[in-house]
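Both complexes below contain chain A, partnered by chain B and then by chain C.
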Partner chain A sequence: MSAPAAAEKTRTAPARAPAGFPFGFYRYRNYVLFASTSVFMGLGCIGLLEGLFALGHGPDAWNAWLAHMARPFDLALSLLVLAFTLYFVFRFGWVGRKIGAGRIGPLPRPPLPLPVLGVAPLGGFVVLWLVLLAILGGLLP
Partner chain B sequence: MQLRKVKFEVLRFRPEQDQVPVFQSYEVECMEDWVVLDALNAIKDDVDPTLSHRWSCRMGVCGSCGMLVNGRPVLTCAAFVRNYSGTIRVEPLSNFPIVRDLVVDLDGFVDKLKSVKPWIIRKIEKDLAEGEYRQSPEQLDEFKQFSMCINCALCYAACPVLANEPEFVGPAALALGHRYNLDSRDEGNAERFERFDSHDGVYACSYANECSQVCPKHVDPAMAIQQAKLTDFLQWAKLLPKRSFT
Partner chain C sequence: MKLIHKLEPLWWILFGAGGFTACFFLPALILGVLVLAPQGLLGDGLAYERAHALAASGLGKTFLAAVLTLVIWHCAHHLRHLVLDLGGHGLAAPAAFGSYALALLGTVATLAIVAAL
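Moving on to the complex of A and B:
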């Protein structure tokens, strides 16, 4: 006896996005905002690398880079980078609180260096960006 | 008992005649204590027998009757008509293909549940004669919350990540896998690691937290996933020396 032919699958209508996605509901807006932090933090990383590169090429290159960063467009972008990074830090802390590492059942607690290693680069990025803005704002020489 | 005439807009999709889903309106005389599911059953029984929807227990246990009511994923057996004003709009769960009317295709959801190996895995099984695996109430408490899931899929309908990345394993499945990782009788953490650590695993979640908001059983899958990120990272760090980078 031959095996019965596999039943043809019923035609389905495509899945629909949740109501209010992506901008009509505040939790979905938060999701989009959080996702977009990567773009601004990426731009910030490129900016810092450029700054380091200029610093390595002497005072003239450094001053030229500072002058470049002081243009209104770059200054506005720098402020946006800082704002998005701070938003990321806020969300990161919020998630950290949600994790409740001390309450994760029988699994071992993470050794202290791990959370420190996770937070240090983020903290360093924020500090560097604040220093840069302070230099551009004339608060630091 | 007082009756109230309520207008329902129900999304219909009949694959044999509809190219795309369309709304159809019904007016139903609803009693004071009716839930939306009662109204849908009344439509099917007395107005339009062609309407298709899933339901079973009528008491928030089976997880079959999840739908969008005025855009929010809810169990229709627990959504009282009296709590809504004006027209009530009923749609199938978002983020799932629609099979017919309010019935969605859950095959992908079930496959994702299976992919996290939601059963107790032992390195060496005890002989039956040795008795059961014992567990203290404290050990049970460590994962009990995550074991209350009824697989209603409301969390999948609410998840913005799934709207963007349909391959994301998703809240219920990851919470279920995490529940077994937390179980003192289980030794399958390493076996589940590959799925958790995959591109569509825990790190795809960016914690919108909407899954936990709509969960009718307060499972808090968002918390399970954030915890799983940390435990997954520890597992990754543990396996790092054994990895080959060639």
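Moving on to the complex of A and C:
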């Protein structure tokens, strides 16, 4: 009996978008909205880098950058960036409850209801933000 | 695309680490530096001398470089998949190479700006 020819790989069907994608169904819209947070968070990083660049060029450049960022258009853009970032964080943190609800290796499941498991990581995030804001505001050294 | 697929675990590590980093720090940085400070609502907290001292310290530089770099890589990976989902698999290669090239550029810019503080 001869050796079988090299087994052919199973060919998968070409990927195709489901009907109504990307805006025809609320779950698709949420998915696209979540993915689009990357654009706004990226803009936020560019804004922070601009600020750091100005900071490295002396007090005049820093104050000029602050004045520039105080204009209504820049303020509106910053608030939009913040809104998308918060949307990302709350969706990301809310997934944490499902991770916590599962078994991870030998660790037992935490004896907490699902909503509490979601509130815990989000509460931790908010505490960290308050500490960081206190440092930025000069309330903490 | 072979190299991109081979490095997929690396993209996912950067994506996950950047996501967590964004959750921990990004909202407060955006609110504090991009919204409150320009409006004068942080008092002297981010006056030049203090802002520079915070950012230019060893801890400050490490923190800023790590946060910004990881979030940039997170955004790049998310953007790659957004383009892929909206544009189809014909855009797989440009989406991957374009996103990661932007992230690499962002990383170099971040490290240069932070080092010059």
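Assume the second predicted complex is superposed on the first by the 86 of 141 C-alpha atoms of A that agree within 3 Å, B and C clash if a C-alpha of one lies under 4 Å from a C-alpha of the other, contacts with A are read in each partner's own complex, and residues count from 1 in each chain.
One rule holds for everything that comes next: contacts are C-beta pairs under 8 Å (C-beta built on N, C-alpha and C of every residue); 3 or more make two chains touch, one makes a residue touch a chain.
Quick caveat: nothing in here was measured; it's all calculated off a predicted structure.
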Which of chain B and chain C A:R91 touches, first, second, both or neither: first
Which of chain B and chain C A:T10 touches, first, second, both or neither: first
Contacts of A:P22 with chain B and chain C, given as first, second, both or neither: both
Dominant contact partner of chain A by residue count, chain C or chain B: C
Touched partner set for A:W129, first chain B, second chain C, both or neither: second
Touched partner set for A:A35, first chain B, second chain C, both or neither: both
Set of chain A residues, in rising order, touched by both chain B and chain C: 14-15, 17, 21-22, 31-32, 35
Touch list for chain A against partner chain C, complex: 14-15, 17, 21-22, 31-32, 35-39, 41-42, 44-45, 47-49, 51-53, 55-56, 58-59, 62-63, 66-70, 74-75, 78-79, 81-82, 85-86, 88-89, 92-93, 121, 125, 128-130, 132-133, 135-139
Interfacial residue positions of chain C with respect to chain A in the complex: 19, 22-40, 42-46, 48-52, 54-55, 64, 68, 71-72, 74-79, 81-82, 85-86, 88-89, 106, 109-110, 113-114, 116-117
Chain B to chain A touching residues, read off their complex: 13, 15, 18, 20-21, 68, 71-73, 91-92, 94-100, 105, 139, 142-143, 157-161, 163, 166, 181-182, 184, 189, 206-210, 213, 222-223, 226-227, 229-231, 233-234, 237
Chain B contact footprint on chain A (complex, rising order): 10-22, 27-28, 30-32, 34-35, 91, 94-95, 98-101, 104-108, 110, 114
